[in-house]
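Listed below are the structures to be examined.
Presented sequentially are two complexes of chain A, the first with chain B as partner and the second with chain C.
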Partner chain A sequence: MTVIVETVGSVLRDLFPLIWSGVITGCLYALGALGLVMIFKSSRVVNFSHGNVAGFAAFLVYGFSSGLLLELSWGAAVLLAVIAAIAIAFVSYALIAPLVFESDLTATIATLGVGLVVQGATLLMFGADIVSLDLPVPRFSASILGLLITGYDLTVLFVAVVTIGILFFVIDYTKLGVAFRAISDNAFAAEVCGLNLRSVHLFAWCVAAILGVVGALLIVPTTFLSSTTVATFMLQAFAAAVLGGFASLPGSLVGGILIGIFMNLFTFYVSPEFSSTFLLGVILLALNIFPNGALAKVGGSRV
Partner chain B sequence: MSESVVQSGRPARSGSDWRLQAGQWATPVLIAVLVCLPFAVTGSWTYTLGVCFANSIGVLAVSVLVRYGGEVSIGHSFFAAVGAYSVAILEHRLGVSLLVGLPVALALGVVSGICFAWPSRRLSGIYLAVSTMALALALPEIINNADEWTGGFEGLYVSRPVVSGVGMSLQRYYAALVVLVAVTYALARLRHSRQGLKLLLARSHPAAADAFGTRRVWARVSVMGISAGIAALSGATLAFASSTVSPSGFTLWSAIFLLVGSVVSFYGLTLPRALIGGAFLTLVPQLLSASGAWIPVLYGLALLAVILCGHYLPKIGGMMHRRARGVS
Partner chain C sequence: MTSLLTVRNLSVYYGAKAQAAERVSFDVGTGSVVALLGANGAGKSSIMKAVAGLVPATGEITFDGEPVQSLPARQRVQAGIVYVPEGREIVGNLTVRENLVLGGYHVPGVARRARIDMVLDMFPEIANKADGPAWRLSGGEQQMLAIGRGLMAGPRLLLLDEPSLGLAPLLVHRVFERLATIRRETHLAIVLVEQNLRMTMRLCDEVHFLRSGRIVGWRRAQDLKGEAARQEAIDAYLGATASH
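And now, the complex of A and B:
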């Protein structure tokens, strides 16, 4: 009897921290997924350059704050990087805009081209080496109910909640948000009613770029910064988006958190070496079981 | 979702009969030139051209998927790896040459393509793109962890000759050339066959195809099977032509590069078009070998340029045409 209680206790002791840190990283996956879904909802384009642009922006923060390019304070560096990411989003949308209305598949291929250029630019400017980027997060840790909570965790949680809160507020209550929802529901009807599709698309692309930069910056302390890490981080974002149905903002939030928890449990209990394979399995399973997302009612398939 | 990425075959214009005839002659002449080429160039070029043929087959695999399925894959490196490793492992374990490895690679490629297409059979194009991306990212993990079979990071060597007594570098060249010509011939036959027409109909008019007894699911899965089979052939050929397989040759980037090659060749399924795509993938890295980081930049720019040209050129052409008529 005591043995069972002890095993249950030890499993719970393992499980709680795993789920907690899963929720924390899950929030970051959700930030990435929200950007992908916003672009997809409004313009029916899957932005494969998302991860590369976010990674490039994280490198820019490093370059601007470390003295490699400029020596700025941390806040100024982040601001400049966000502006750069928005500029890239602007340019890539300007390139892709004529294609969006013709064939979404061609436009999706074109985002791969943008991604390649940005990836190459990262390699050219910063090289293929790993760099360390320190975030000015408060350094403390407290133990609550056997759960180790660090300043990093709280920062991530705070930033994610604030960002996602602002995003949902904008989408629910402002005119731009109403236009965004109208266009995602029925682009043709929205255009007939006089909405400018391009400006709303552009809004989605810029917001996605900001979300990507925030997510990439906050994920860096858990791994390290190299030209490939943020691109792999985007696989988690894609998995989160698929789990959430790829067209639902709350769905991708839930999907992100679920992916965070699943990934943690998988790496702890099964194997840390097969994480991408695990995500592939999750994506395929999710496409089969909930083609419309985990939050949607099970209905017809999406053809 | 699967609107026309490309037009599936333009009608031949009546005024350009000579062009049609030239097209008929171009492929045999090209093949004859390629057959004679190893006697005119140095050894390193023979090697490069062999690799180029193998890449051309990979480009064809992606183009088949775009043309017949209207879908985009950025995970074809997986199927290429299936082919490459089946040749390499068969040689290491059983000591058999490419002659046995190639059919096995084809079969395994088709099976893995069908296995992979089945879960996403009812989903539209972008879901396939996302799941193939996950496939490509998962591949290096799988290869590295199965190191008992695959040799891990270091990979395996492929060195058994197909025909004994002939120089290995010539064998590498001609084996790749034969496979490439065979694949383009098979694709030309497919285009005019009943099955090929069914697949094209299922892509462009699903309801009509349904009425004729071709289900969309069947068409999707079989196109993926064909495409993955060709990709496996390309991997097998690449393994033989470059004499080595390693996980670094089958990453997400190599899958994206295959797509770039396919776009640059305008999703063409003929021999010259495939060679353009393959040459782009093989020769650009060689020319830029001193500055590797420029390769993705150049590929990305080429991809964007070709796509934007494909978008704007018909419009500009139409405008010129109208203006010319207005003047006369």
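And now, the complex of A and C:
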């Protein structure tokens, strides 16, 4: 009996910190996933360049704040990097827009090309070396009910909640949000009403770029920055989007948090080496069990 | 009556060979209702979509004296040409009110809110469901929403594509009753594509008969009151004869 109680106690002691850190990482996956889903919902394109563009923007922050390109404050560097990411989103969409109205698949493949070009530009400008990029977050940690909570955790949680909250507010309560949801649901109806589809697509691409930069800047301090770091991180975001049904913004949020927790549990209890395999397994399972997403609701239309 | 819409030699192609309409010409006067009548595949909807700028077309389209054929669909909506598509095409996941916001997307905020109130007054069936998802509406209510959404843009010409499609007779009657009211109160010009001949004859001023993408004849609605004339319209509708 004592052994059972001790085992359960030990599992719970491990479990809560793992779930907590999974939620924190999951918020970052959700930010990435939301960007992918915003673009997919509006343009029906899976944007494979998302991670590369966000990674490039993170490198720009490094370049602008370290003296490599400029010697700016961290805030100014972030602002410039966000502007650059939005500019890249404009150019990417301008390149892909003619394809969007012809074939979703061709447009999706074109994003792979854009991603490779951006990755090439990253290597050309910053080289293949690993660099460290820190966040100016409050440095503290506190233990609450045995759970170690750091300033980084709270910063990620705060930024993710505020960013996602603003996004959901815009989508749910503004005229632009109505246009975005209309195009996602019935693009022809939106066109009949006189909406400029390209403008709404572009809005989604720009928002996705900003979400990507925010996600990249928050994830990099936990690891390091290389030309592939953020693109790899976006694989988790992709899994989160798939788990959420790839066309649901709340689904992406839930998917991100679930992926964060699952990955942590798998890495701790099973094997860190096979975490990528596990992730692909989750994607396959999700596609088979919840083809419309874990939050898919029963809806329909009446005649 | 001055001509609001002038269409000359309008041809619509889907791809290189599939021709939906060929050198079609007609006029729509301010405040008048013109019906396009013909069998399935005669090109009625294609002509409507071409006038709305939703499909590529050649020829001349003049609206209120200005050429509009080179304008994209959104600019034609802003100019006052609004298409209410076949099958309603409402946005099911938006609320009824949001669908109306969508219809008046280019209308400034205050005017848009006033117009929403006007449309909900006009269609009380959807007013008490204004904040619910549009997919929950019945077919008739969805049609009223589609027409209301069209009115939100403040059109001067409404292109109505089969508003009675899939509706029960009572609902068809109700929809046409509202269209008659709208016509009476707003002096809106309407181009109507409709399968329901009886209702069409009640509402319209002129009928153009279409066959294989061409206009093969036209009549004033008042000339189609008799049995023989009605048979002529039915024949045209079925594609059996060409009427001149």
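One rule holds in what follows: the second predicted complex is superposed on the first by the 296 of 303 C-alpha atoms of A that agree within 3 Å, B and C clash if a C-alpha of one lies under 4 Å from a C-alpha of the other, contacts with A are read in each partner's own complex, and residues count from 1 in each chain.
Please note the rule applied: a contact is a pair of C-beta atoms (placed from the backbone, for glycine too) under 8 Å apart; a residue touches a chain by one contact, two chains touch by 3 or more.
Here the structure is a predicted model, which is why all the values come from computation and not from measurement.
Asker: Examine A:T106 and indicate which partner it touches, taking first as chain B and second as chain C; both and neither are also allowed.
Answerer: It touches chain B, and chain C stays clear.
Asker: Looking at the overlay, what does A:A182 touch: chain B (first), chain C (second), both, or neither?
Answerer: After superposition on chain A, A:A182 lies in contact with chain C alone.
Asker: Which of the two partners, first being chain B and second being chain C, lies in contact with A:N196: first, second, both, or neither?
Answerer: second
Asker: By residue count, is chain A touched more by chain B or by chain C?
Answerer: B
Asker: Could you say whether A:V46 touches chain B, chain C, both of them, or neither, answering first, second, both or neither?
Answerer: first
Asker: For chain A, give the residues common to its interface with chain B and its interface with chain C.
Answerer: Residues 301-303, which sit in both footprints.
Asker: Which residues of chain A touch chain B in the complex?
Answerer: Chain A residues touching chain B: 40, 44, 46, 48, 95, 98-99, 102-106, 108-110, 112-121, 123-124, 128, 231-232, 235, 238-239, 241-242, 246, 273-277, 279-280, 283-285, 287-288, 291, 301-303.
Asker: Quick one: which bits of chain C touch chain A in the complex? Just the residue numbers, please.
Answerer: It is residues 52, 54, 73-78, 82-85, 89-94, 98, 101-103, 105-106, 133, 135-139, 142, 149, 153, 166 of chain C that touch chain A.
Asker: Could you pull out which chain B residues touch chain A in their complex?
Answerer: The touching residues are 1-5, 70-72, 74, 119-120, 122-127, 129-131, 133-135, 137-138, 141-142, 144-145, 216, 252, 256, 259-260, 263, 292-304, 307-308, 310-312.
Asker: Provide the residue numbers of chain A that touch chain C in the complex, in ascending order.
Answerer: Residue positions touching the partner: 175, 178-179, 181-182, 185-186, 188-196, 299-303.
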